[in-house]
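A, B and C are the chain letters, set down in written order, and residue numbers restart from 1 in every chain.
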Amino acid sequence: MILSEILEKVDIKIDSKIEVSGLNTLLDANKNEISFLENKKYINDLEKTNAGAVLVKEDFKNMVPKDTIAIVCEEPYLTLAMLSKFFAPKIIETQGKDCIVGENSTIMPNVYLGKNSKIGKNSTIMSGSFIGDNVTIGDNTIIYPNVSVYRDCTIGDDCIIHSGTVIGSDGFGFAHTKTGKYIKIYQNGNVTIGNDVEIGANSSIDRAAFNSTIIGNGVRLDNLVHIAHNCILKDGCILTGQVGLSGSTILNEYVIMGGQSATAGHLEIAPFTTIAARGGVTKSITEPKKQWAGFPLFEHRQWLKLQGRIAKLLK
Amino acid sequence: MILSEILEKVDIKIDSKIEVSGLNTLLDANKNEISFLENKKYINDLEKTNAGAVLVKEDFKNMVPKDTIAIVCEEPYLTLAMLSKFFAPKIIETQGKDCIVGENSTIMPNVYLGKNSKIGKNSTIMSGSFIGDNVTIGDNTIIYPNVSVYRDCTIGDDCIIHSGTVIGSDGFGFAHTKTGKYIKIYQNGNVTIGNDVEIGANSSIDRAAFNSTIIGNGVRLDNLVHIAHNCILKDGCILTGQVGLSGSTILNEYVIMGGQSATAGHLEIAPFTTIAARGGVTKSITEPKKQWAGFPLFEHRQWLKLQGRIAKLLK
Amino acid sequence: MILSEILEKVDIKIDSKIEVSGLNTLLDANKNEISFLENKKYINDLEKTNAGAVLVKEDFKNMVPKDTIAIVCEEPYLTLAMLSKFFAPKIIETQGKDCIVGENSTIMPNVYLGKNSKIGKNSTIMSGSFIGDNVTIGDNTIIYPNVSVYRDCTIGDDCIIHSGTVIGSDGFGFAHTKTGKYIKIYQNGNVTIGNDVEIGANSSIDRAAFNSTIIGNGVRLDNLVHIAHNCILKDGCILTGQVGLSGSTILNEYVIMGGQSATAGHLEIAPFTTIAARGGVTKSITEPKKQWAGFPLFEHRQWLKLQGRIAKLLK
């Protein structure tokens, strides 16, 4: 799309004929992508951006790098939301190649296989599962019944996805207008799942707003786990039942989270960290190999000690 | 049905030929409905009722309004449960008109469309979804794969329902006999969802016991959210991942609830209230626009202060 | 299978031709089963075992009963995991008898019925549901749309299973190698559900690693409930929305658990216990009929009192 043309759709007039193909964050955008700066917190990212154009408020106009076009608007995040719709792919592809199924793979009855998708060798897709368009599934992978894999997602080799799990549903993202209407940020990214991953029943992993929600190799997710958009789970992470990760949480290698624990999002947890059941993480954890518990979060031993002190209040 | 005849099925003899069509609460019942009083707390509702008949204990017989028939029984709630079965609609309609699908709407393969249902224009129902009998879905609405919409529910225009979500499952209601057997209260109400609503993956919204569980316009629900029967969410409410609402919770306009927060049910939350992640609401919140946190619940600033004081116990 | 042959697959040489048919715990194993001792805590079970063979570390070799073969290995649990794969049944049976459906039962379109399965009389299986191989479902039972019942599970009479619920998904079990690779413990048990059970929407009940996850008669589970492998819920238990049980939790008769409450697993709760919403049970509760709350858990009255004391810290 031509920048000037797409901006016209949101009533912004700019005289630029550069070709744009999508939206992205300041740090990840390339010269064919539009980015945005809403939150001052990310101002250092503005000068590093390689975006073709960036939505900014009047105040920050002069801080936009010289090779990037500044698109001045009152509410960059809201404008981004309004633009996102125009970059959204089709809900269902009707054109394209039929799904390629590798040798010795089994597709049970009542499975939908999307266009331009590909399933490897020795894999099994069980009844009622939905494999959207442009999905790639590797070798020796089992998709149990009634799993939904949205378009553009990828699942590696030797994976097991249990029933009812949803891969690639939209992240929870929207801006709001002054009158309180919510404007959806179309989630144009995807989910990529590595090799040797097992995901329990009725879990949900949201696709990224931009780029990918990433599940590394060897990850184990239990039932009813919620992974929000743009999370990154590095190799070997273990999340037990009913854990919830807010958006853009980064779990480094071998993080273990106990049942019903959760994170607040936009934070990073160091490798080999253990969060006890019900732990609530609201800030990044930088030191590896420690054990934490509680909400607010304490080192596990401290939390136990604190509970002892609290119990004494009864006396 | 004739009142005397239906009561005979639960071994109550009453000489009345009035026609009854269903069950309802004291305040909502009309002259063709049966209501009940079990809990003294609702005694003021008894004198206001317009119900055709009401199940009451001997003690309250004289407080039943003169135009309402008093049906005296030992355990009104249990009798109500036993009666509810006779008012339950069929699980599957085999008669009736085929579903009407509006122009430019797409029904993918492996979708079930119930009798007497109606889907508007430009809507998409994706593979594996179930649209029960007598369901109405509006225009421009997307139902992602493997969604289940139970009979009699309605979904408005411009809605998005993500995979695995269940609309209209039975509320969690039962009475118990003296021997400890649970008697199901058939959930003969429905769910009505307004316009411009987005619901994430693997959430569940229970149908009402009587009347409707109501989701207002513009509401946003994230993944794995649980809405119990007879809840009312007014316009613009936002519930993030893994929130749980107990039965008959009323959220006024633009209430925001953070991840894993919950309510105890039979309470009301004022407009523009924010409940932080993990907040547990056990009493109504009457003052609008305030922020709350914790379980037990405190004003957010107080909760933060309290956590500071608690942490000091470690010293 | 012959013991020596199966052990060869994991590079253990033993000269025994006994026939083995599966894996099991020390207490439950019979003479055709292999068991294991990893955790010293279970050492008293070792002398009581009737297992045909048992995986043990060198140190415990001499404590193995004389009729049981000691299989010495460095990491018994890891070896067990590696062996479990060889005892796993097929994912999909292609041979065997077609499912038997009793009179007056209704199977809606887009249902998969596995081999050697059996559905009783007057039951209803709704669209999109998956009934795996060797499943037994009783009379008068309703399976709502998009339910998944994995192979070998049984569901009794007069049950109601709501949409999206998964019965028999794999328990969350794995050992890990020294290099951090997780080795799946194939979950070769099943789930057995009694009579008159109702399970809400999008709940998940994992199959047992060995033997059965058991749901007793009259149990009521709400939406989004997570039951891990090898749990036992005795008759009349009630679990409300979003409750989570860790593995091998035993709930005795008529235990009631409030919303979002949870257990830590490998513990037992006495009959008629009530756990309030959000309660977190980490130890067995032996005295019946008491009410508990909080995390850490206190008797309910004590918990309320404690919250009062904590609130006073604000002054």
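Convention: a residue touches a chain if its C-beta (ideal position, glycine included) is under 8 Å from a C-beta of that chain, and two chains touch if they have at least 3 such contacts.
All of these numbers come straight from a predicted model, not from anything done at the bench.
Fitting chain B to chain C on C-alpha positions gives a rotation angle of 120 degrees, to the nearest 5. Because chain A and chain B share one sequence, their contact can be compared position by position; here under half of the interface residue numbers appear on both sides. One simple way to say how far apart two chains are is to compare their mean CA positions; for chain A and chain B this gives 31 Å. For chain A, the set of residues touching two or more other chains reads 110, 128, 146, 164, 202, 224, 242, 260, 310. By the touch criterion given at the top, residues 91-92, 110, 112, 128-130, 132, 146, 148, 150, 164-166, 169-170, 172, 174, 180-182, 184, 202-204, 206, 224, 226, 228, 242, 244, 246, 260, 262, 264, 280, 295-296, 298, 302, 305-306, 309-310 of chain C touch chain A in their complex.
Considering their complex, residues 106, 108-110, 124, 126-128, 142, 144-146, 160, 162-164, 196, 198, 200-202, 218, 220, 222-224, 236, 238, 240-242, 254, 259-260, 277-278, 307, 310-311, 313-314 of chain A touch chain C.
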